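Next, two complexes with chain A in common: one pairs it with chain B, the other with chain C.
This part shows the complex of A and B:
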């Protein structure tokens, strides 16, 4: 039986859709399993074969709140990730503006150099940064994490904003300039409104990266500035089975950022696939 | 002028009284001590009961930092080495206490009150936490290793477990009790790479086969003596034939989950698991667990390990007095009584004090006597049939051991996974450990 061109296309769309769903489900499965496990008892959590149907319990969540005080950790995560994202954007936008619209012969190498700072494993600079924080009294403070996260994410933020700005024709800015706009007005009145979507996705990415960062938060905080990643780590046990509690605490830690990501997936997808379709 | 001075007076008075109030508040403000610890049943229980301590000592407040074991070790090393002073009380093992005490990183624990009764602590534990007869940490709980087995399966098969089995006997039982078709495996043992994971168990195996890590000149004996090869061949064969699939990635927790869900006929691991495998809320086989000593082979020297989780005070802490008050409370007989009263006697922290092992505790915890006997017979100073230049049963108390142990652990795990031959593993281990020991100055050419 021969398929018409239209039918072939429909079949292809259907198969591609199926594949996308399959890949999506495979990627989501660990999160789904984590959420499921968080409602099990410790005994049911490691049952083999795994139990798909069980009587759910909230005991893990209750215990976490009693033992650790989820909200102080969550508040630290919010302050640190939003703080570093806002400061990062304040630096990344002017930086990207100058590189995109006043390109010099060193712009490309500057961009590459910025990115190269991401290539060093963080543990390589643990001691110097730890000592810096200690000597400036910043150990176990949110300020230290905000500064470090800003610095870590800045190269990616500049790159992303730079690529968005690169898409905008220079003529628009020149027209604004002819109308007497200052550089600041060019950015605030012309550039930012046009590239709103791109900037939103940059901010989202920075938020997610800061929210999930674990190396520095585990090494530089103790009790006062510890964010949710430190809370998760505190439930990992060398001797004892606490998988259900670990799942519950992980669910609680992921939930806020998962919800933000869900609500803004349109911008996120646009930002992440940017350039790929160019 | 007069009016001015008059208007100034109330302001000045307010300032002075305000200042005095602040000073008074400052003077009565509680000292907050930060405790770095790991997440396990006994520590969590202590965290829960610490409110009693705060009520009894209103001038001391406790701040808890719970971290994953390896992260905690890394954090503490960084903090203590740089004198960061972030922690006032740290949870450390026997291995670190010896090393850090020697380096002067920990505050020596002296002048313990009479009612603390330091002589009640097991001598082996006390020695393990001392350097030159000075205590550097107080033991919270301690453990040795032993054999857990399924009494019901043994009975069904008409087998009986001797009190002190040999590895050969264990292999014989494993062969008879292994039914992979029913997801029942003859034996579960640690296979996950790490100096505190597979190498803790495997070192006790090597010891019981008569081997040792280093000779008197600090030269490793992987290829120069037969015991490592015998023990490794035995271990790979035993676990490969009668162990669960993927044994090379199983650590303590994975094996505990397997045993508690009824998949292992035998398991050799920490004595602290005794309370987990007999706990109805987490074990499906709680009524059918039998206990025996850890297996030996040609010797019983070093066949079972010795480890303690202890509380120490970093030398960088500025709140030594408050920290000492807390660690004395948490490791005292009074604390043990408190746990017994609030959580049941079976849940008291095991393995540190003679007074713990009362008739009542032994009745509530069927594994108590074996734990006691294992703890008392484990000797870190004499853990091999051959003479040794080091201290430690399942580890070697030198700073380099963490790296060396983990490196060899990876090779052993590789042999178990079938990625490398036994000879290649031993040759590689010999080459790399010899190089490390030369570099560190132990082996002189």
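This part shows the complex of A and C:
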């Protein structure tokens, strides 16, 4: 049977749609399962084969709140991720501005060098950083995490902001300069408003990366400054495997960022594709 | 008042000299056009004047004030960019008022100036739009409006029409000429299009390779180019060039022999050349006439003819293999391969020496 051109196109759209849904479901399934498990009793969580229909219970959530105090961990996560994002932007914007609009012979290699620091395995510098924190009294403080997160996210933030600035014609800034704008006004009244979409997605990415970061938060905090990632970890081993509670705490930890991510998908996609998708 | 003086201006980029010592005076109310081939440094020269590039050496002064190291905003200049460079996040009104807002000028005064510029440029109904929602011609107008509201001493334009389609370009060219007349302003205009230069300029500055080749009125450049480069650059279709040799000279004439064998006696002073010198004859298409083969010693073969209606451009080949363009009347008909004679208007023949410099004519037309 011959298909018309239109039918071929419809078929292709349909198959691609099917594939996208399949991939999406596969990726979403663990999260779905985690949320499901968090509403089961510990016994039901262990059942094999797993039960898909059960009477949901909130007992896991209640117990977590009683035992650990979700909100103090959540507050640490909020402070640390917003703090490092704001400080990161304050550094990344001027850095990217000078690299994008006052390019020198070494700009490209500086950018590459900054990115290359991301290739270092974090555990390689665990000892020196731990000792630095210890000697400066920063162990188990939010300050330490803010500093570290700012530093580890900075290369990506500079790189992203740089690529957004690069899309803006230099002429526009020069026009502003001729119109009498000081460098600060040039940035605040022309550059930032034009690139606000890109800046928002950069901030979003930094928030997500900081929120999810687990290596440094586990190694540098104990209780006072511990964020949600540390809370999850605390439920994983010492008391044996409590699947339902672990699921509940993970759900709690992921929820805020999932909601933010959902609300800002468009920005995020544009940001992660470095402005290629408009 | 706006008297711009440029002295010994040089600009070096990464060890490469782009502007190689420019001296230029621009007078009040003048429309000055910088013209030259792409890459010759026109934009760089304009940007140096605007203060967007740092001067390597030399000085720029405006009305006697040295502005060589003054920041762009304090120079009292406004620039219209090739890409328009409108602020995409601001309305047309905001685009035009931005400079005045920054300067902290009174709101009602700003509004009056914006309304004024909008009226001149017929932008009144577009004031609330964003640049995105404008056509190319309208964006161009907003860019000009942004310059007008500032009432600058000098307007700078960098190829402002090159992003417009051909019809719109002609229309905007007329509007710019009218604007110059109405505002009575001093304008410096950069283009690679010599037609724009000829039609707009009071004074044309021909640039080549970072140097000024010639400064003069469009007619002066047309009639008395100082060298072969200017002669070839100004005028459409381009001036034709033929290799020749000097046969004899006297104070009032030079006799040359073309590579094709024809001898011509030109009303050019013989003081600068002597018999045997290699020279180049330059002649514009409009100063050649096609005649019957029997009526001229200078015989050529017809190549392509282009009919424009008002004129016919005939491309012809000489017996030495050189090509010439002839501008014939609109009803001219010629056949491919036909042998015809050419009659050159000897008063409009230009002669260039081996280094390309013009050998002066006896009766130079007043510039």
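Here is the rule we go by: the second predicted complex is superposed on the first by the 272 of 278 C-alpha atoms of A that agree within 3 Å, B and C clash if a C-alpha of one lies under 4 Å from a C-alpha of the other, contacts with A are read in each partner's own complex, and residues count from 1 in each chain.
Here is the rule we go by: a contact is a pair of C-beta atoms (placed from the backbone, for glycine too) under 8 Å apart; a residue touches a chain by one contact, two chains touch by 3 or more.
Bear in mind the structure is a predicted one, so any value in this text is a computation, not a measurement.
After alignment on the shared chain A, the placement of chain B and chain C results in a side-by-side fit free of clashes. When the shared chain is aligned, chain C comes close enough to touch A:177, but chain B does not.
Of the two partner chains placed by the overlay, only chain C lies in contact with A:193; chain B stays clear of it.
Ranking chain B and chain C by residues of chain A touched puts B first.
Touch criterion met: A:222 reaches chain B, while chain C stays clear of it. With both structures placed on the common chain, the touch criterion links A:139 to chain B but leaves chain C unconnected. Across the superposed structures, the minimum distance from chain B to chain C, using CA atoms, reads 50 Å.
Those residues of chain B that touch chain A in the complex are listed here as 34, 36, 38-41, 44, 47-48, 63-69, 71, 74-75, 78, 82-84, 86-87, 183, 196, 252-253, 256-257, 260-261, 263, 270, 272-273, 276, 281-284. Taken in their complex, chain A has these residues touching chain C: 169, 171-172, 174-181, 185, 189-190, 193-194.
Put simply, chain A touches chain B in their complex at residues 41-43, 46-48, 67-68, 126-127, 130-131, 134, 139-140, 218-219, 222-224, 226, 230, 233-243. Chain contact summary for the complex, chain C toward chain A: residues 50-52, 71-73, 77-79, 81-83, 85-89, 98-99, 102-103, 146, 150.
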